[in-house]
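In this document, chain identifiers A, B, C, D, E and F correspond to the written order of the chains, with residue numbering beginning at 1 in each.
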Amino acid sequence: MRINGRKEDEMRKVRITRNYTKYAEGSVLIEIGDTKVICTASIEEKVPHFLKGRGEGWIACEYAMIPRATKVRKVRESSRGKVDGRTMEIQRLIGRALRSVVDLNALGEKTIWIDCDVIQADGGTRTASITGAFVALVDAIDKMNRCRRFKEYPIKDFVSAVSVGISREDEVILDLDYIEDSEAKIDMNIVMTSAGEFIEVQGTGEKRPFTRDELNILLDLSEKGNKELIRMQKEALKENYLLTKK
Amino acid sequence: MRINGRKEDEMRKVRITRNYTKYAEGSVLIEIGDTKVICTASIEEKVPHFLKGRGEGWIACEYAMIPRATKVRKVRESSRGKVDGRTMEIQRLIGRALRSVVDLNALGEKTIWIDCDVIQADGGTRTASITGAFVALVDAIDKMNRCRRFKEYPIKDFVSAVSVGISREDEVILDLDYIEDSEAKIDMNIVMTSAGEFIEVQGTGEKRPFTRDELNILLDLSEKGNKELIRMQKEALKENYLLTKK
Amino acid sequence: MRINGRKEDEMRKVRITRNYTKYAEGSVLIEIGDTKVICTASIEEKVPHFLKGRGEGWIACEYAMIPRATKVRKVRESSRGKVDGRTMEIQRLIGRALRSVVDLNALGEKTIWIDCDVIQADGGTRTASITGAFVALVDAIDKMNRCRRFKEYPIKDFVSAVSVGISREDEVILDLDYIEDSEAKIDMNIVMTSAGEFIEVQGTGEKRPFTRDELNILLDLSEKGNKELIRMQKEALKENYLLTKK
Amino acid sequence: MRINGRKEDEMRKVRITRNYTKYAEGSVLIEIGDTKVICTASIEEKVPHFLKGRGEGWIACEYAMIPRATKVRKVRESSRGKVDGRTMEIQRLIGRALRSVVDLNALGEKTIWIDCDVIQADGGTRTASITGAFVALVDAIDKMNRCRRFKEYPIKDFVSAVSVGISREDEVILDLDYIEDSEAKIDMNIVMTSAGEFIEVQGTGEKRPFTRDELNILLDLSEKGNKELIRMQKEALKENYLLTKK
Amino acid sequence: MRINGRKEDEMRKVRITRNYTKYAEGSVLIEIGDTKVICTASIEEKVPHFLKGRGEGWIACEYAMIPRATKVRKVRESSRGKVDGRTMEIQRLIGRALRSVVDLNALGEKTIWIDCDVIQADGGTRTASITGAFVALVDAIDKMNRCRRFKEYPIKDFVSAVSVGISREDEVILDLDYIEDSEAKIDMNIVMTSAGEFIEVQGTGEKRPFTRDELNILLDLSEKGNKELIRMQKEALKENYLLTKK
Amino acid sequence: MRINGRKEDEMRKVRITRNYTKYAEGSVLIEIGDTKVICTASIEEKVPHFLKGRGEGWIACEYAMIPRATKVRKVRESSRGKVDGRTMEIQRLIGRALRSVVDLNALGEKTIWIDCDVIQADGGTRTASITGAFVALVDAIDKMNRCRRFKEYPIKDFVSAVSVGISREDEVILDLDYIEDSEAKIDMNIVMTSAGEFIEVQGTGEKRPFTRDELNILLDLSEKGNKELIRMQKEALKENYLLTKK
C-alpha cells in the first residue's frame, strides 16, 4: 500500500471533460487525481517560418502553470521575462508526442496550437497534458474535417503518457503524485501508442542509478497505465467516427 | 432588449465558487455569464524591497489570460518575453482596488499575492477579477486570522466592480459582454464599496465624447450593479464572522 | 490658499512653445509651472501591422522621463530592459485621447508618432503631455496638409487634459503639483474637447473612497481648467486656419 | 556497413585532451570523430540562492555552440537575448548526469560550473559533453583535494554517455554522426556508470514508434559504447589516485 | 569655406547653461550649434556591487537621445528592450573621460550618475556630452563640498572633447556638424585636459585609411578646439573657487 | 626587460592555423602567445534589412569569449540575456576594420558573418581577432571567387591590428599580455593596412593623460607590430593568388 492508499499498480481517478471552454476548436479539462490541466487546440491558418511553402502543417505546444497551481506560489514566467528550462523541456516533449501520431502532410499548411495550462499540480502534469491534449487535438481536427473533408484523416494513432517510478521505499509504482514524485529514487515518463509501442522513454536516476531489471519492471507497469489511459480517451471520444474506426 | 436578450439594467448570472483549487490560502472561481476567472490569494512572508522594515504589508496583483480564453488565440506573454500594456493597466487597477479596502499596517510585513487568471473571456474580465479576488482575499486573511488573531481585522469594507456603457444603439447598458464591449461608444469601469462610494471611476469615449448627463446615468447604473455584486459576495462569504459583522 | 500660494481653482502658469526642436514635423515644449515636456509629432509613411491595407492611419504614443526629471533619479527603462506599468498606462491614455479627435480614415495609411519626453516633472506630466502633444499633432498634420491637401481635414476637435483632486486638507483643487499629488486623497485626470464633453474620466480614491457629490465638484473644476488650456492651445495655434475656423 | 564506413557497433575515434586551456581548474578537449567540445570546470566559492546555508555544494552546467560549429551558421543566443529550448534541455541533462555521481554534501558550499562549448558539431554533442565534462570535473575536484583534503572524496563513480539509434535503413547503430542522427528513425541517449547501471535513458521515436525488442537491442549497444568511453576516461585520468582506486 | 559657411578651424557657437533643471545636483544644457544635450549629475549614496567596501566612489554615465532628436525618428531603446552598440560605446567613452580627472578615492563611497540626454542631434553629441557633463559634475561635487568639505578636492583637472575630421573635399575640419560627419572620410574624437594632454584619441578611416601626416594635422586642430571649450567651461564655472584656483 | 621576459618592442609568438574547423567558408585559429581566438567567416545569401535592394554586401561581426577563457569565469551573455558594452565595442571595431579593406559593392548582396570566439584570453583579444578574422575572410571570399569569379576582387588591402601601451614602469611596450594590460597607464589599439596607413587609432589614458610625444612613440611601435602581423598573414595565405599579387 502506498502513502496515498493506492496499490502499486493503481492509477488515480481520471476524468476527461470535452468542450470545457467555448472558443477553442478543441478544449479539454483532464483531471488525474488532483492534477488538473486545461488543454486547448487552436487552428491557425499559417505555419511557422521554417515550413512556409512546403504544404505541410505543424503542431506547436505550450505549457504553463497558473502561479498557485503549486504548493508554493511560482513566479509567473511573463513577469520573469523568460520561460524556464523545465517548461521548455515539457512543451518540447508534448509537441514531439503529438506530432508523432499526426500526418503533418495531410494537415496542409496549418498550425495547430496546443496549450496546456495547469490549474492544479499534484504530480504528472506533463503526462496528463499529453493525454488530455491528444483529445483536444482530435476534436480540433474533427472540426476541420467537418468543414472540408481531409483526403486522408491526419491522425494515425492514439497517444498517451504515464509516469512510473521507484519510491523511497523501493517499490515500483504507477502514476506518481506530487509527494511520491519528489521523493522517488527513479522517475520515468513513458509515451505510448494504442499498439503498445513507445514514442518516448525518459528515465532518470534521481537518487541512485538503476539496473536493467528495474527498467524492465518499470516499462511493464507503464504499459498497463497507458492502456488504461487510451481506453479513457476512446471512451471520451466515442462518437468520433473516423478515429475510433481505426 | 439587448442582442443578448438582457434588459438594459440586467446583469449576467454571477456565480462565486470558493476553495476552487486546493493549495492557495484563498481560491475563487468567479463566473459572470461566460466570463470565468480563477482568483487566488497567496501569502508570502515578506514585503517588496521598497517596504522593507516599515512594518506594513502589501497586496500585489497579477492578471493573465490563458491563450485561448479569447476568440482568437493570444500569444502568451511569457513567449513574447514581456507583459503588454493592457495587462499592466488591469493588474494595477486590481491592486489599487483591493488595497483601498485593506489596512496594510494591520497586515504586518507580509505580501498577499492576488493572481487573476482568465479561463474564458466574454467581456468584463477586469471587473470580474476585482469582485472575485476580493472574496479570495477575505479567505486568505481569514486563514491568517485563525492562525494568529489580528489586533485589528485588516479588511475595512467590501469592494466590487462593474462595467457600464453606451451601446452602438445609444442605449445605456449594464455589465457588457464581449460583443457589446467591442462595439460600445462609451465604456466605463466603476469600483465601489458597500457604502456606495467610489474607489475608482474610469470612463472612455471610445467612439465619441460623452456629456455630463450621460456620465450621470452611467454612474447610477453602476451603483445598481455593484450593489448586486456585493450582495453576492456577502452571500458567498456568509460564515465569515468578522467581515459580515461589519 | 494652497501650500504653493495658489487659489483652489487656480492653474499654474502655462507656456506652449511651438517649433521647439528642428527635425520633427511638430515639436512643442509645454511648461505648466515647473513641469516641462517636449512633445514631438513625427510622420511615418506606414501603419502598424494590424492596420495594413485598410487605408486608415494611426497615432502611436510614447512617453518617457529623462532620469533626473524627478527628485530622485529614476533608472532608465532602456537599462532595465522594459517599460514599466505607469509608463504604459500613460502612453495608452495619451494615444486614446489624441486618436479620439482625429479622423484616422482621413489620414490615409500613415502613422503619426507622438513622443512626450518629460524634462522636469512637478506633477501633471500626463495631462501636460496630452495638452502639448495636441499642438504638435496639429502642426504635423498642417505640414502634411500643405504638401498634399487632405480631402477632409483630419482633426475634428481640440483636446486637452487637466488634473483635479481633493487635498490632504480636504480642499478641492485644480492642477496639482508634485507635492499636492503625492498627498492627495482623491486624484482625477479629465480629458475634454472644446465643447466641454468628456473623452476620458479617471478618478481614484488614493486614501479614501469618494462620494457622488465630491465627484461632481471635481468634474466642475476640471471643466474650468480644460477651458483655459484649450484657450491657450488656440492662442498658440492662432495662424492655423483650418483648425481654428472650426 | 554504414555510410561513414563504420560497423554498426563501432564508435568513432575518441580523444580526450586534459589541461586544454590554462585558467580553468579542469579543462578538457574531447573529440569524438569530428565532434569537438571544450569542457571546463570552474570552482566558485558560493552556492546558488536556493542552497545557501545548507552546507551542500552544487554543480551548474551550461552548454553552447560557437555559431559556426554547425553546417549552417546558428544565430548566437546572446544576440537573440535568450537560450533556446534545445540548449536548456541539454544543459539540464549534463547537470543531472554529473550531479548523480558526486556527493554534494562532501563538496561543501561551493559551486562547480561546468561549461561545454562546442567548437565543431558532428552529432552526439550532448553525450560527448557529459563524457568530457566528467574528466574536467575530476581534475577540478582533484585540485580542490590537493589544497584542502576532503574528508570523503566527493566523486562516487564514473559517468559517461553515448547515443544509439535505428538508422534510415533500419540498422541498429552506435554513436551516430550528424547525418545519421538527422535521418534516424529512433534516437536514444544513454548515460551510464562504470558498473553499467543507468543514470538516464532518453529514447525518442523520431519517425516511427519502437517496440520493446528494439529498445532492448539499443540498450545492449549503449552498454558497449559506454564501457569503451569509461575505459578512455580512466586512461586519460590514470594518475588520478583517489578516483581510479575506487 | 565649408558648406555651413564656417572656416576650417572654426567651431560652432557654444553655449553652456547651468542649473537647467531644478532637481539634479548638477544640471547643464550644452548647445554646440544645433546640437543640444541636457547633462545632469546625480549623487547616489552607494557604489556599484564591484566596489562595495573599498571606500572608493564611482562615476556612472548614461547617454540617450529623445526619439526625434534626429532627422529620422529613432525607435526608443526602452521599446526595443535593449541599448544599442553605439549608445554603449558613447556612454563608456563619457565615463572614462570624466573618471580620468576625478580622484575616486577622495569621493568616498558614492556614485555620481551622469546622464546625457540629447534633445537635438546635429553632430558631435558625444563630445558635447563630455564637455557639458564635466560642468554638471563640477556643480554636483561643489554641492557635496559645501555640505561636508572634502579633505582633498576630488577634481584634478578640466576635461573637454571635440571632433575633427577630413571632409568629402579632403579638407581638415574642426567640430563637424551632422552633414559633414556623415560624409567625412576620416573622423576623430579627441578628449583633452586643460594642460593639452590626451585622455582619449579615437580616429577612424571611415572611407579610406589615413597617413601619419594627416593624423598630426588633425591632432593639432583638436588642440585648438579643446582649448576653446575649456575656456568656455572656465567662464561658465567662474565663481567655482576650488576648481578655477587650480 | 619586461616581466614576461620580452623586449619592449618584441611581440609574442604568433601562429595562424587555417581551416581550423570544417564547416565555415573561412576558419582560422590565431594564437598570439596564450591568447587563442577561433575566427570564422560564413557566407549568407542575403543582406541586413537596411541594405536590401541596393546590390551591396555587408560584413557583420560578432565577438564572444567562452566563460572560462579568462582567469575568473565570466557569466555567459546568453544567460544574462544581453551583450555587454565591452563586447559591443569590440565587435563594432572588428566590423569597421574588416569593412574598410573590402569593396562591399563588388561582394554583391551577401553578408559575410565574422565570428571571433575567444578560447583563451591573455590580452589583445580584439587585435588578435582582427588579424585572424582577416585571414578567414580572405579564405571565404576566395571560396566565393572559385564558384563564380568576381568581376573585381573585393579585397583591397591587408589589415591587421596590434596593441601598444605605456607600462606601470613607464616603458613603451608592444603587444601587451593580460597582466601588462591591466596595469598599463596608457593603452592603444592600432589597426593598419599593409601600406602602413591607419584604419583606426584608439588610445586611452587609463591611469594618466599622455603627451603628443608619447603618442608618437606608441604609433611608431604599432607600425613595427603591424608589419610583422601582415607578414604572418601573407605567409599563411601564400597560395592565395589574387590577394598576394596585389
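The working rule: a contact is a pair of C-beta atoms (placed from the backbone, for glycine too) under 8 Å apart; a residue touches a chain by one contact, two chains touch by 3 or more.
Note that this is a predicted model, so its numbers are computed, not measured.
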| item | value |
| --- | --- |
| Separation of subunit D from subunit A in steps, with touching chains one step apart | 1 |
| If a chain touches subunit C and subunit E alike, it appears here | none |
| Neighbouring chains shared between subunit B and subunit E, ordered by label | C |
| Cα superposition of subunit C on its sequence copy subunit D - rotation in ° rounded to nearest 5 | 180 |
| Repeated interface matching A-D, over half of the contact pairs identical, chosen among C-E, D-F or B-C | B-C |
| Subunit A and subunit B, separation of their C-alpha mean positions in angstrom | 33 |
| Subunit A and subunit F, separation of their C-alpha mean positions in angstrom | 51 |
| Separation of subunit A from subunit E, taking each centre as the mean of its C-alpha atoms, in whole Å | 60 |
| Junction residues of subunit B, two or more chains touched | 81-82 |
| Category of the chain touch graph - line, ring, star, complete, other | ring |
| Cyclic ordering of chains (reference subunit B, direction subunit C) | B, C, E, F, D, A |
| For the subunit E and subunit F complex, residues of the former touching the latter | 82, 84-86, 88-89, 91-92, 96, 100, 157, 188, 192-193, 195, 197-205, 209-212, 215, 219 |
| Complex contacts: residues of subunit A adjacent to subunit B | 21-24, 27, 34, 36, 38, 40, 42, 44, 62, 64, 66-71, 73, 76-83, 113, 115, 117, 119-120 |
